[in-house]
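Heads up, the thing below is written out as structure tokens.
Order as written gives the chain letters A, B, C, D and E; numbering starts at 1 within each chain.
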């Protein structure tokens, strides 16, 4: 059952991801991207990470994608004129396939021998995923969390400065 | 049974597709979307590994990656808008003032 | 005072330069006089060295100064370690002696940006003196590279038509060699440290005792040898020299010929040979061949030159071939000959460049074909030119002969007999190219109306030449003044070199060892 | 007296310094010339004193060390002087003849702009020659050796505005330098060779004492002596290095006299004599010297036959006579060689000065008539004996001397050489024959010269003809003194067979020089062949033969130039090729130009433009060019296109990761 | 049971993040200040940010020799971090000093510029002091995002836009690889903490043959190499350096590059020491490639800014040599070199900033003809900076290179050292060419527009002092660099 679900969503994710790179119109690309994100969210749930699935939908499919589409609309980008270079395709495709091959090799041969922690499925069910995340975030990863806030501040300031029209 | 490897392979495929997109597309926004694709595939890897290793660090990382993606999206799109205002285009072939 | 004499001499010009920076730039007379004063004072301060009899009795380093300079825990130790012996003594003296002359030569020839020129001149003097007195390889390297900068500017700003090419070529050519040497220097240091030798920094005297294994010696030696060969310059890495000389202003040429080129030969004597005696032994035939080839080659090429300065430049290649041959003889006479020939070349070729400068200032050309019959209009000039020409040819009684003769005696006594015979033919060729040039410039009728207007040398120009002429004859007639003070140091050096060579080379290199025994 | 040895070179040097530095200020010719002449005369007086002292001294070798010159390890060289019979004789000749030439020059050079310069050079020349002669070691000798070379350069190039003078001066110096190369090589090899036997010296006395350490007749000694001989060839104008000497007449005539007679060219002979101990040890070298000497004597004589320039004839005659001296040296007749050197100094100085007097007169005539004819061309002369009687007589005496008429100086010296060439242990009849033929030609061309110049019709341009005066006293006095010496000088070395006729007149010179030469001669068995040594008849018949030869030569000249003056023209017409070759000096100069000079220039040009600029510098600039080229090529990888950059990164990642993943 | 807050507070150690905290506080304060200040007036913001940097510097230095760990091992303020932090502070301060007049001239007097630099500096500090890949990653992102903004700061200028965009895209792209690397390392070791990774890796030797470890390590390092500008990940650098506002170029080539080196060093030397051989081999090749690419392409440049960009790549190559050496000298040498490079490079850019006209079209070789004579002080300063960049004594460029190559030689990398010095010989040509134009050509213009603004002059003088002091007396600072090593 789970396998079928996995394969289903994986296939959809792959195809829609591929279509992101192939669609002529940026809007189509964006929609396919959203599809991919949603598939990923499903996969997160299957991986016992419901909180991640939630913010995947909210942050990515929601915030970021809205932003992107907003920009596409703002800039009034129509269908891209078909001027792809075949050699770029060939080279890009070749290199990507090669990369995929290499990635496969080290994933297959690699061993994930790291120390196995105590967060089993059972724990997640007992405590709830969000709580576990929150706990880790505010104890062990407090500093990264704070840095992330600075990062967002910088991004906001930057975006404001850059998109102001007048000096 | 679906194991961690499946997820890893899937994320590798998506990662490669993202790379492929970056390499072949000329539209800056699409390229940006492809980069998001790559980041997402890494997220998948993190979460899969996090489950496999049974600790939360990976998922926390994903959380931050998402933050970063958002921040980058804000700045990146602002840059694109600024560029568009000057050049009426966001085709990467028009990024051609600086070369050699 | 005596404790810090060397430092004082070395850094006095630098001090002068710093003061010079506060002199207004619109007063060239004052700037020049001030620089002349500083260089003259430097010369005066350095005179006690020349009169110190300690050099005649001891080959050890004198006037030592040792201060810790850079010390980084277990990483490095570099020391401010200076001193002179009979080998560097005369080069230091030559430097302090030539600099006032070079300064004086700028009186009429440098009129743009006088301040800059004078500042560079003083900086250059410090760098050159520093290189001669350094006993720490790191310190030496710093001065060695520092020399490039002022010279680069001198050629580039005050040079002739093709100055940019010449300046850049000079700079890069020399730097390539020295950078490789830098690698070798660091390597030696680490060898010293890891071999547990009692080294204090980059002191060469401790490095002498290292006994670097011969396979490492080879490439280390090659790095040093290349660097110095470029500076000398030896064939086939000499081509920067004609360009640099031709384009440089007179003072620059004089300093370049008189002192900078000596850095290369001095480098061999002080560093390349004693640090790597075994490798030296292996490469000796090759290097000697290059030296001898340089003599013949330089002479033949000089013969056909159309530009006086280029001719003198190529003649330098030939002359320094004699120096190198003497040095490579690795015996007392050869080394002494090489060293004294360094001084000679400084004086004679320096003087030749001054002479070329005199006529260039008057005519703004250096082409031989533009001249002819100058002897009519400029008898004093003709006389001085003639004397210097013959000094350059190596007429007995002038300085050139003593150097060449000793170098040849040395080469004859060592295994380089046949090289010496070939080198001796350089004696013929020197006469050919110098006299031919002299004839074309000075003799004959005045064919070019421009030359009718020429004026003979001014008092300043005569004053400039007289000290040089004095030394032409002094060294020619009584070289013992100089020889006696360099002998002990050379002996000590040779004892060191020979001991290393005999000790290690004999079992490995039977052929060379045989030569050694014959000597 | 010996303590004042250093004064001998010192005086001329002082003269040189005074005239050189202040001559231009002095201006007064009398003072300048006076100083110059006085200095060399003072030197002559000191020489006389020393000579006299040595004559009456049983100890024949005296050294005076002034100072150390170079002192490096086992190389110890002093500024030192050596007085022995040989150098004593030489200083007498140099200072004596030198004084006369100085005196002569006062008159001859009158009115020249560079008068002071000329006297300075003359003094310097004498100084150098005296250093050469007196030096007690080979290096001090070398100072003089090069010094005379320098002076020849200066003196020959005296009229530097003349292209030919400049060329000749340069040629003289350069050819000499080739010789110096030999000298230096010999010196260095000698120093090393003796040094390897434990004696580090180049002192002549010590060399003579230690010469036996070297293997007699061995390679080393042969190489050393051959090298030295090369030096001698250069200085003394022997084949193949003789070409500079005829050109040397570009200088003023006294210069020719000085160079050809008193200084310079005799240096080579002197040097061989000085090192006779070494030379005697190498029969091969000796033979070479003899052959070269004989050939030169013969060869130069042939050229002399056809020249029309009065000085040029004399110049070739000098080369030829030097050949005789070398022949003497080569057969071991050192005394005879030095003897001929001396007599030659007398008569050749006289001849040159006499020719100078003639030229002076001719010049005066032409100048008066505002003509620009060549005052040196004999074809314009003739009948001058009436115009210039003193010159004529002195000239004639010297000509007789050089031709070998009995009881004039040349007869004795030349005859002794021929005798040794024939009868010496190292002689050979072919050498004698060559010498004899050369002597014949000498007599012929010398008398041809006399006849053309002083006899017959005066062929000078009519306008100038009556304005050719006899020269003044400063010119004629030296002529007369020299003529007297040329006439009587031979009696210093009368051979034994003749001496017996003159009331057992001893061979003074042989006795005097014996301490120098005897040792080596005895040691190396150099003597007249024993079976001939006491053959008085043979010696007389040889003498007779040479007298006959001389007479034949003179008669021939008389026949061709007085009796039937048309004959030379006919002769020329019947052998045009031969005559042309002889007239053009066998094209030796052209040959040298073609073989050495031009090729040398060609090689130089090739090395410069073809090799240095193209190849050596080409590699340097080529490297720079390639580096820059790579740079400009690589530059275009930086296309400015985003996807190219991304591609670069991905390829980098793939390659690196791939290498580690797949390569491991 | 402890409350979450208590657990959190146990981990907090403010001393460990004091410098960056001070900077962030000032950054936010300055944001407010600039919001409330009059439009077009930015000088006070600049001076305030200098004050901020001075205070930060004092705070930073006071932590010397007193390593502070905190936040559950995600950050440590050790000597290493302090040394690098000082480099960032110096770079930021020198940059700010040259910025104000420049912004006025170019017509973008926007106060937010300074807080962005401060945030960027803070990000760099987190990179240097982070011991958790998460901290490092976030530091990197703070730094990068600020730099994207700063590079594209002249929003009306196409070049600046383009620079910002290129930097952004390629930066984000490389972030992907970096993250992938982190993920793989996490998978191998189960943690993102460098210490844990190191421990894990060293405890299980079998891991060394684990392709996933190597792939992760390499991808992670590539992420940093991108920031450093090492070939073949250098291609963004010339374009971005050329297009960005000149002070930002100066800052970028010094501060962030040093930050990337800091992170790289900490990750590589502490975390990955067990695969040292592989990393050294990789860096050997990359160092050579970087030197060659940087130096060779710089040869044919005519725009001085772009030329300095290539030179910056080349210098990254020299510094990488220190990592190849993988010994204490090499490590300290990199620290030292980064400091030196900060001085000499920002110094050179400062001269460019002063020499440029509006729009900076004149920053070409031709435009510099005769500059040295017309503007003697700037000319001499530029010469000294160029000589330093060439690596000639007695400037700091020489000592820096000396130490780096010494490290390589100590480790036995003779050929690397030889290639390095030959490359620096090649580099002589293009640096000398600037001098050729400045001094050996006759002036075409009078350079009347060049005004010696006091802050910029202060910056140049400081840089000069640094270059000469570190050149003649490198001892004390190198001693500090040695103490800062691991």
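The rule is simple: a residue touches a chain if its C-beta (ideal position, glycine included) is under 8 Å from a C-beta of that chain, and two chains touch if they have at least 3 such contacts.
Remember, predicted model here, so these are calculated numbers, not experimental data.
Path length between subunit A and subunit B in the chain contact graph, taken as the least number of steps between touching chains: 1. Shared contact partners of subunit B and subunit D, listed by label, are A, E.
Two chain pairs are in question, C-E and B-E; the one with more C-beta pairs in contact is B-E.
Put simply, the chain closest to the centre of the protein, by Cα centroids, is C.
With chains reduced to the mean position of their C-alpha atoms, the one farthest from subunit B is D. Distance between Cα centroids is largest for the pairing of subunit A with D.
Rounded to whole angstrom units, the spacing between the C-alpha centres of subunit D and subunit E is 79.
Averaging C-alpha coordinates per chain places the centre of subunit C 38 Å away from that of subunit D. Distance between subunit A and subunit D, defined via averaged C-alpha coordinates, is recorded as 103 Å. Taking the mean of the C-alpha atoms as each chain's centre, subunit A and subunit E sit 30 Å apart.
Among the residues of subunit A, those in touch with two or more other chains are 88, 91-92, 95-96, 99, 102-103, 105-107, 109, 112, 114-117, 140-141, 144, 148, 151, 154-155, 158, 161-163.
The residues of subunit E that reach two or more other chains are 134, 138, 141, 145, 148-149, 152, 155-156, 164-166, 169, 173, 184, 186-187, 190-191, 211, 214-215, 238-239, 429, listed in rising order. Residue positions of subunit D with contacts to 2 or more other chains are 624, 635, 638, 640, 642-643, 646-647, 650-651, 653, 657, 661.
Of all possible chain pairs, the ones that touch are A-B, A-D, A-E, B-D, B-E, C-D, C-E, D-E. Across the interface of their complex, subunit A is touched by residues 643, 647, 650-651, 653-654, 657-658, 661-662 of subunit D. Interface residues of subunit D, counted against subunit C in their complex, comprise 24, 67-75, 79, 139, 142-143, 145-147, 150, 153, 157, 160-163, 165-167, 169-170, 173-174, 177-178, 180-181, 184-185, 188-189, 191-192, 195, 600-601, 603-605, 607-609, 612, 616-617, 619-620, 624.
Subunit A meets subunit D in the complex at residues 88, 91-92, 95-96, 98-99, 102, 105-106, 109. In the complex of the two chains, the subunit E residues touching subunit A come out as 4, 7-8, 11-12, 17, 24, 28, 31, 70-72, 74-75, 107-110, 112, 115-116, 119, 122-123, 126, 132, 134-135, 138-139, 141-142, 145-146, 148-149, 152-153, 155-156, 164, 184, 186-191, 200, 204, 206-207, 210-215. On the subunit E side of its complex with subunit B, the touching residues are 134, 137-138, 141, 145, 148-149, 152, 155-159, 161-166, 168-169, 172-173, 175-176, 179-180, 182-184, 186-187, 190-192, 238-240, 242-243.
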